[in-house]
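Heads up, the thing below is written out as structure tokens.
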Amino acid sequence: MIDWSGYLSLILEGALVTLQLTVMGSALALVMAFLAGLGRLSRFFLVRALATTYIEFFRGTSIFVQLFWVYFVLPFAGFTLTPLQAGVLALGLNVGAYAAEVVRGAVKAVGREQTEACTALNLSRYQRMRHVILPQALPLMLPTFCNNAIELLKGTAVVSLISLTDLTFQAQVVRAQTGNTLIPFTTILILYFAMAWVISVSMRWLERRMTRNLDGVRI
Amino acid sequence: MEWDWDFVWQIMPTLLEGFKITILATVLGAAVAAVIGLALAIARRSPIAAVSRTVGFVSEFIRGTPLLVQLYFIFYVLPDIGIRLSPLVAGVIGIGVHYATYTAEVYRAGIENVPRGQWEAAKAANLTTRQAWIHVILPQAVPPMIPALANYFIAMFKETPLLSAITVLELMNQAKSIANSNYRYIEPMTLVGVFFLVVSLISVVGLRWLEERYARMDD
Amino acid sequence: MASPIIRIDNIVKRFGPLTVLDGLSIDVMPGEKLALIGPSGSGKTTILRILMTLETISGGHIEVDGEQLYHMKKGADLVPADERHLHRMRKKIGMVFQHFNLFPHKCVLDNVTLAPMLTQGVTRADAEKRAMELLDMVGMADKAKSVPAQLSGGQKQRVAIARALALSPKIMLFDEVTSALDPELVEEVLSVMKRLAAETDMTMLLVTHEMGFAHDFADRVLFFDRGKIVEEGKPEEIFRNPRQERTQIFLRKIIAAGHRV
Amino acid sequence: MASPIIRIDNIVKRFGPLTVLDGLSIDVMPGEKLALIGPSGSGKTTILRILMTLETISGGHIEVDGEQLYHMKKGADLVPADERHLHRMRKKIGMVFQHFNLFPHKCVLDNVTLAPMLTQGVTRADAEKRAMELLDMVGMADKAKSVPAQLSGGQKQRVAIARALALSPKIMLFDEVTSALDPELVEEVLSVMKRLAAETDMTMLLVTHEMGFAHDFADRVLFFDRGKIVEEGKPEEIFRNPRQERTQIFLRKIIAAGHRV
Amino acid sequence: ASAADLEELKEQGFARIAIANEPPYTAVGADGKVSGAAPDVARVIFERLGVKEVVASISEYGAMIPGLQAGRHDAITAGLFMKPERCNAVAYSEPILCDAEAFAVKKGNPLKLTSYKDIADNANAKIGAPGGGTEEKLALQAGVPRDRVIVVPDGQSGIKMLQDGRIDVYSLPVLSIHDLMDKAKDPNLEVVAPVVGAPVYCDGAAFRKQDVALRDAFDVELKKLKESGEFAKLIEPYGFSAKAAMSTTRDKQCAAAQ
């Protein structure tokens, strides 16, 4: 008799790893998104070039390749990361590159008119960004950030390829041990969907909160 | 471990073999995504609530769960109900349907972005709904969609390595197979990265061109 | 005396909780030129859009040219109109919008010929001939091959007028056709409309904030406020001797803002 | 006689191949109220934007309050101004835009207090006190806690005026501040501006299509065409007896479109 | 990567080993505990060496040696059979688990496949094997073209593909095939074992080339274990033969196929 409750709790442990990866990866992605997104709008050529290179590189190569590099090639350069660190790093940098474009787009979408009003009021660049542009850009970013976070969640399935015991990996283990395919895979599909659902519900909540004042400003 | 150029030249033909499959899978997947996506977009606008809701939920589900797991499902579980697809076909359908949920959103946004005034002008000109779609709405909705669709095309390309999980001998799988039999990861994986990067950089240029060519027409 | 070409009978229009038109009734005689004025949000646009069947109604009846607009006879019963009925009724009505709503992907000529070719089965040659006449009338014949993006606002609006005329409707609706234009461009559109009003016996309903133009153009002026007709009469009466206080206040404000009456 | 507060000297402004201002020179005296009128695209907005340092210039010099605007002294040389110099010069100038450009995420009061607190180091209490005075002056004190989305266009523009005044600039620029408003709302904004013009000795430059208002407001009117001043003079002269043909045509069109002069 | 020193391992208290997701070489209990013949042996020996624990991570066959080289594991105990190329890439201990190769095929073996050569000769026969595994190599060496050697990610997938008719034969070591068949309980499949002409292979614990000292220490304890008879007690419950492992040596195995 197969001890399903035991195997299901194995899968739940995998869910925990997936959750960790998603949360930590998102945090890293968020930081990178703002660094690179705002960097790309910088006045300084060097900063712009750096940000652009990062963005194009990580959007250009596949997440799989990035994972393999971080996991198998970086150690030869003297950096050995745990699988979790490698996963967070690869996922965070990858999704961060996409989210950086969201930051840039949202900041630009706020419109020249707001920038000009700031100039007329003699605000400095920093003050303009901090008090006027970002507060308006943030709500614009949220829906896409939500998509990015879900992409990242789904991306964690890929880390099973570097032996990180996440949901998908645990499902594979359970499958090998029990010989049953349907149950572990159906379980993780539901778990993934539940997590994605939680992400979008909380993002929508956040968005509603942030745009409460902006009702009717944007259509 | 040192970089070995001889090894690089030796494995290049095999990698190119895989690259061909990668391209084939991407192109076929894109075709599936384009067609199914349109079907989803139209079904989601259906006045019958049951249809639009169901399609909405299924799309959300597909979009909220990893492609990798979906591929396992298609490849290993579907045969139980008598649907046995070849690895490439399963991969093309998996990746195509997954991305159809994304292209459906592009179609929807493109259609909704046509100002309401255009619908009204079409009505005031006494066109039928069909005529309005064909002569007024779609000609305006489609060009702005093209860059976004192309973007997903590139994203699909970068996700083809997942097909290795269902035994499609694409670029990544060939590289892994080379790595496995020679115990050298650096050269094959780096080359895969270079392949992806080169294609991506070329497509970024192509995308810019598309964006310029199909920039929104302003009234 | 001829019977009205438009009979608006006790129309109610709600948007959610908001009642925008509340039991409105208007009769319009064939060939009459009617100006609708009144403060923002009073429902002027809404009544035009209802006539163009761009909205649905919440209550009441409308008869256009002897036929029900939103209802149709099914045996002895009057049932809500289906799309076919609406399609047939729309032949009688044309509309020009505040923001032109030209088709941006088509040249001026194609904007004008599209509907006649698709809905009236006119050949391309005939449609183009008629379109060129109309474009000539609005002074846009030389721009027939331009796309809307290359035109000024006033030019766009003149094309939009030609486009609406191309279907030869019995009734034309104009919703603030100059208010999105630069002041300098207003005159070219108004002069086209004045000529149109003088030369045809089309029935015309016009919403405008240009009191001077309303004065010159209209046979009758309706002053709207909050979905009701507060005052109506000949332009001279309304503009020189408004009886209602609401009308007086409105006109005073408009005049103070520099508009000539 | 006092020296000019603004000296625009032979300014050239190009956008790519297009020369928008071509050797324009204007002197404005302290306290003077100047109206800029002229057809669309003639460069009126551009000259205001240049004064507000929202554009760069392609040639010429501007002196504001005795100092170079786009240049600064470095030893004996005149070099292009850096951000610090511009920052200092902008203290002297305020601007009100056609589309208000209020900060939609901040309430009315915060819109007015933001810049004084950030750029002049005023405390919140002081900034709010002054803001309430200004909002009171424009008749918006009771809406201090509303957000822009809850205001009508006229109300928004009055807040925008208060916001610009909060920095106490010596020079105020107004770019078609009523042309995005519903006609009924125009008057409330113009009356605020008339009071302002009468009560302060601020120097004011105003671009408008409201000829009646330009007439009442301005000490001097400049008529622009294609980046050049075609005619200038006292309002009575320009509006009653324009000497140039271009001015006559322009005014005739505006009048035909229903605007009172 | 730096060499792993036994002293260091003792100090940190654990050794990192790579294992496969392939019963009976490795098994993961419902409680998540790793057992199976290979890790059990490794655990005992490392304990005797003074390393209290082994931390096992499940890995693809193909990723094991690169992972070892990249310093991600201190040893591989996964049923990774000794082969000349592998002996060049890593330092093996003396043999631990020996097994012959087997085929899983459809009932009645319709294509009559009993050796890798048979597969090469039948233009329609497709073989499934783990990527980077011994079976893949054997098939390729026997002349099966690349496109008929399907790389299968794991045993369950292999059986499933066989059931679905995607492959005609699935090849793994005898004991692994038996384990899979037990779980599958499919009367339409049968086992061909041993594969004709395929040698018996033995695995050993694999260490980095520069970790020969650690390997030697491991060997000493392994020898003691074998001699005391505990070795047999450890692996025979899983179906492996202790005698087979004790009757051959690393040198023989590494030279075998040459």
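Descriptive notes on the structure:
We call the chains A, B, C, D and E, going by the order they appear; numbering starts again at 1 in every chain.
As a convention for this text, contacts are C-beta pairs under 8 Å (C-beta built on N, C-alpha and C of every residue); 3 or more make two chains touch, one makes a residue touch a chain.
Predicted model, so just to flag it, every value in this text is computed and none were measured.
Common neighbours of chain A and chain C (chains touching each): B, D. Across the structure, the highest number of inter-chain C-beta contacts is found for A-B. Rounded to whole angstrom units, the spacing between the C-alpha centres of chain A and chain E is 38.
For the pair chain B and chain E, the distance between C-alpha centroids works out to 38 Å. Measuring from the averaged C-alpha position of chain C to that of chain E gives a distance of 84 Å. Centroids of chain A and chain D (each the mean of its C-alpha atoms) stand 45 Å apart.
Under the contact definition stated at the top, the residues of chain A that touch 2 or more other chains are 72-73, 76, 181. Among all residues of chain C, none touch two or more other chains. Counting partner chains per residue, chain E has residues 66, 70, 153, 160 touching two or more of them. According to the touch criterion at the top of this document, the contacting chain pairs are A-B, A-D, A-E, B-C, B-E, C-D. Taken in their complex, chain E has these residues touching chain A: 1, 21-23, 27-32, 57-60, 63, 66-67, 70-72, 153-156, 159-160, 180, 183-184.
Within the complex, the chain B residues that touch chain A are 1, 60-61, 63-70, 72-73, 76-77, 80, 158-159, 161-162, 172, 185-186, 189-190, 192-193, 196-197, 200-201, 204. Within the complex, the chain A residues that touch chain B are 56-57, 59-66, 68-69, 72-73, 76, 150, 153-158, 160, 168, 171, 181-182, 185, 188-189, 192-193, 196-197, 200. Across the interface of their complex, chain D is touched by residues 113-114, 116-117, 119-124, 127, 131-132, 135-136, 213-217 of chain A. Chain contact summary for the complex, chain B toward chain E: residues 1, 76, 79, 84, 86-87, 164-165, 167, 169, 173, 176-177, 179-181, 183-185.
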